[in-house]
Amino acid sequence: MTTYLLRRLLLMLPVALLVTIGVFMLIHLSPGDPALIILGEDRSPAAIAQVHEQLGLDKPLYVQYFIWLDNIVHGDWGRSVTTHEPVAVAITDRLPATLELGIVALLWSLIVAIPLGTIAAVRRGSLSDQIATGITIAGVSIPNFFIGIVLIFTLSVTLRLFPFGGYVPLTTDPLQSLRHVMLPAIALGTAGAAINMRFTRSSMIEVLNHDYIRTARAKGASWRRVVFVHALKNALIPVVTIVGLQIGGIIEGAVVTETVFTWPGVGRLAVESIFNRDYTVIQGIVLLAAFSYMIANLLVDLVYGWLDPRISYA
Amino acid sequence: MSNAPAIVAAQEPIRRTPVALVDLLRTHRRVTAATALVGMLFLVALLAPVISPHDPLATSPDNSYLPPLSPGHLLGSDELGRDLLSRVLWGARVSLPVAFVAVAVGLFGGGLIGLVSGYAGGLVDLLLMRLMDALLAFPGLILAIAIVAALGPGLRNAMIAIGVVAVPVYARLVRAVMLQLKQMEFVVATRSLGANPLRLIIGHFIPNLLNPVIVQVSLSAGFAILAEATLSFLGLGAQLPTPDWGQMISAGSAFLTNDPWLAIVPGAAISITVYSFNLLGDSLRDALDPRLRS
Amino acid sequence: MTHLLELENVQTHIALKHGLIRAVDQVSLTVDAGETLGIVGESGSGKSMTALSIMRLLPRASRIAGGRIRFKGRDLADLSEEEMESIRGTEIAMIFQDPMTSLNPVYRVGWQVGEPLRIHRHMDKQASIEAAVDLFKKVGIPDAKRRVSQFPHMFSGGMRQRTMIAMGLSTGPSLLIADEPTTALDVTIQAQILELLRTLNRDYGTATILITHNLGVVAGMCDRVIVMYAGRVVEEGSTEDVFVHPEHPYTWSLLRSIPRLDASEHESLKPIVGSPPDMTQLPGGCKFQPRCPFAIERCAADEPELREVRSQLARCWVTQAGQSLDSNAG
């Protein structure tokens, strides 16, 4: 197992390197002196010179890259152009809010997706299956920010069932925290629910076609037992894959939802930073998003191997 | 999201022409329905200047916030008195072209990379695919946002950004087909005779490529429209006063209590459009896959 | 005397887009307690579908369209699904052709073998696994205690089939249906499995239906044999009678097509002419007629009934008329 892990990490290295180069180049893609971009308003020649020295902008590009990379590895992710606080701090301050949103959204999507996907698979071809499939495609077609807006309008403004926005940390007050995160989580989780349902359904259909299902029936197992004991465990193994990837993509999903619900998370920070031309923050967030995705990919493979007894990494 | 490759595993190279679209339309209801929907959308986009009752940019402060079914304004008007129906219809002229340019960028850019990578093999293949992996390491929206952040907000940059996101998908798809063909016995045989199988491969390449690409393009189009709407919603895509659905939702969300239609109508428009493309891609995938077996 | 199992004119249909397949067409058979019945036929002859009909485990789009299936006097078609579930795995057990895919890959083998005991005898998990250890010993799986906690992929094909047999016998069924139990196995293992089935039949008195396309298997194991073709029974009798003097051309052709060790070098093989019938487009008259070396004019026109011919039942105009199929004709 460890050799497999090491091998995978080794293979990831060139990709990770390319990712860092890409992120590094972000600032340099825009026309103009990066120093001006970073400085924003205070453009006195002295300030410009200082930034040039700090970032080594007078040095060749690849040297700059290594300086930057070295800083990143040592935890110095730069400072925000606007607030001057360390990027790492800005991100970690907002990460819990995003994580809570993402995880609740994921849980919501699974609570909806797995039962519905299973039912659709068992009743394959029936009307309820076709309706479910139609809803699924609709679910991935409706922009999640739109769902968010509709939810806000109906549940929050009109019916006053849920509060609009406002983040309460989980540690402060769990119940209120959940109440506040519910709407954005539903908005965020709906597309995921549709995808997961689709996937659960197709996975379940495939599993139900296997011979061991017939064996279980021949043993006198009821359909309920066959589906929930024999089939589900097999069918959910591939589902773990996409769930893992969704965890890795939490920041991506959060961007829009946090904007709609003014949720104080990393996603909203990203959008604000774009408008503020706060490149260092954008770099930090993009880097974090990319790396979480890559690591999620790796973890998913490992978990898959652990779940399926046939796979051995020896 | 449906940005995943739709690679269909063909067992032998297809020598005949791919299943004619007419046959598909005849035998698969979902494909027909989806094609009809997509067709209508194109018509709307094409005919918007003709069928819109008003100029989408014309403001009329006296007529602001009109509710739907007001005289002259079937769907009402927005905060500046612009006709909502006209703006929504014209919105198709923004979203659809953007989506298609983006998909085209992905298809041709990625396709070229995949072709070269698959045919050349070896170090070239290795390097190119690592590059594609690096692109894929970024969650799609994040990558698009990063590119737009670097290049500056605007429709043109949004198109480029979404196109770049699509590149690795097509690169992988085309490469997979190329690899399949390279391994086919007739190619190996030709090679062993010392001849260059390139012409042979090209001849078989397009037919084998057509089916997965058609499916992928449909799905990519849906994804691209959603991505464009998202970028515009965030203010990174279409800028005022261009009538763009995503941007209209953003603007309209401020007036939810007064006039919810301002946000709901464009939202419905996006949903229907993306749904049509997703349905098309989905039904095409189902329709084309089993046929290849027979 | 009541038979243990009695099929009376069973009809099973499969609905396809372009037609109906009579997979099991007017099939009647009986099995008595402790008896071994062989069902022989090509792929698509309806032998598996007959077994699945008995178990009421038919695949989608197929259903029993007529006839009676009586087990211990009760008509199985009348039973509710729950009642049927209480018969499957307890009174009637079935094992299938491909042991490699017939076991659930994510559960341990002992857990799976003990499952019928947990379902039907309400044993707890621990007791069921201990029972599994005993069963493993009975079916000849060595190192039973260690093996029960392994996953199926660690077992060889022969061991998996033994596992299936253990699973089937766990509740002491009166009838065991084995659908091509050895087809997917190596030849040496085949013999072992058949030997095992024979021993179990002898020691526990479990009636066995053995479905196969291999006549050799039938010869070694079965008291009686039924030959099926195109969904119909074409011959039925004791194994010895059927093998020594087959009364249906299909059976005759099958026997003749077995390569013989004592044949001369230059003797060519004698396969059955033609190919298995297309079940959606069966010819009128006798279904075997297109491939039959004995066919007379009547065969293409009328379909024969199953009637007594000497000591067997046979569905053939030629033999019913008294002609004998000797080894030199055709």
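Chains: A, B and C, in written order; residue numbering restarts at 1 for each.
What we mean here is this: a residue touches a chain if its C-beta (ideal position, glycine included) is under 8 Å from a C-beta of that chain, and two chains touch if they have at least 3 such contacts.
Predicted model, so just to flag it, every value in this text is computed and none were measured.
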Touch-based graph of the chains, sorted into line, ring, star, complete or other: line
Farthest chain relative to subunit A (centres taken as mean CA coordinates): C
Rounded Å distance, subunit B centre to subunit C centre (Cα mean): 54
For subunit A paired with subunit B, centre-to-centre distance based on mean C-alpha positions, whole Å: 22
Whole-Å separation of chain centres (CA-atom averages), subunit A against subunit C: 54
Shared-contact residues (touching 2 or more other chains) in subunit A: none
Residues of subunit C that touch subunit A when the two form their complex: 55, 57, 81-82, 85-90, 93-96, 98, 101-107, 115-116, 119-120, 151, 153, 164, 167
Contacting residues of subunit A [partner subunit C, same complex]: 210-212, 214-223, 225, 230, 233-234, 237, 307-310
Of all residues in subunit A, those that touch subunit B in their complex: 14-16, 18-19, 22-23, 26-27, 29-30, 137-138, 140-143, 145-146, 149-150, 152-153, 157, 191, 195, 248-249, 251-252, 255-256, 259-260, 270-271, 273-275, 279, 282, 285-286, 289-291, 293-294
Partner subunit A, residues of subunit B touching it in the complex: 1-2, 130-131, 133-135, 137-143, 145-153, 222, 226, 229-230, 233-236, 246, 249, 253, 256-257, 260, 263-264, 267, 270-272, 274-275, 278-279, 282
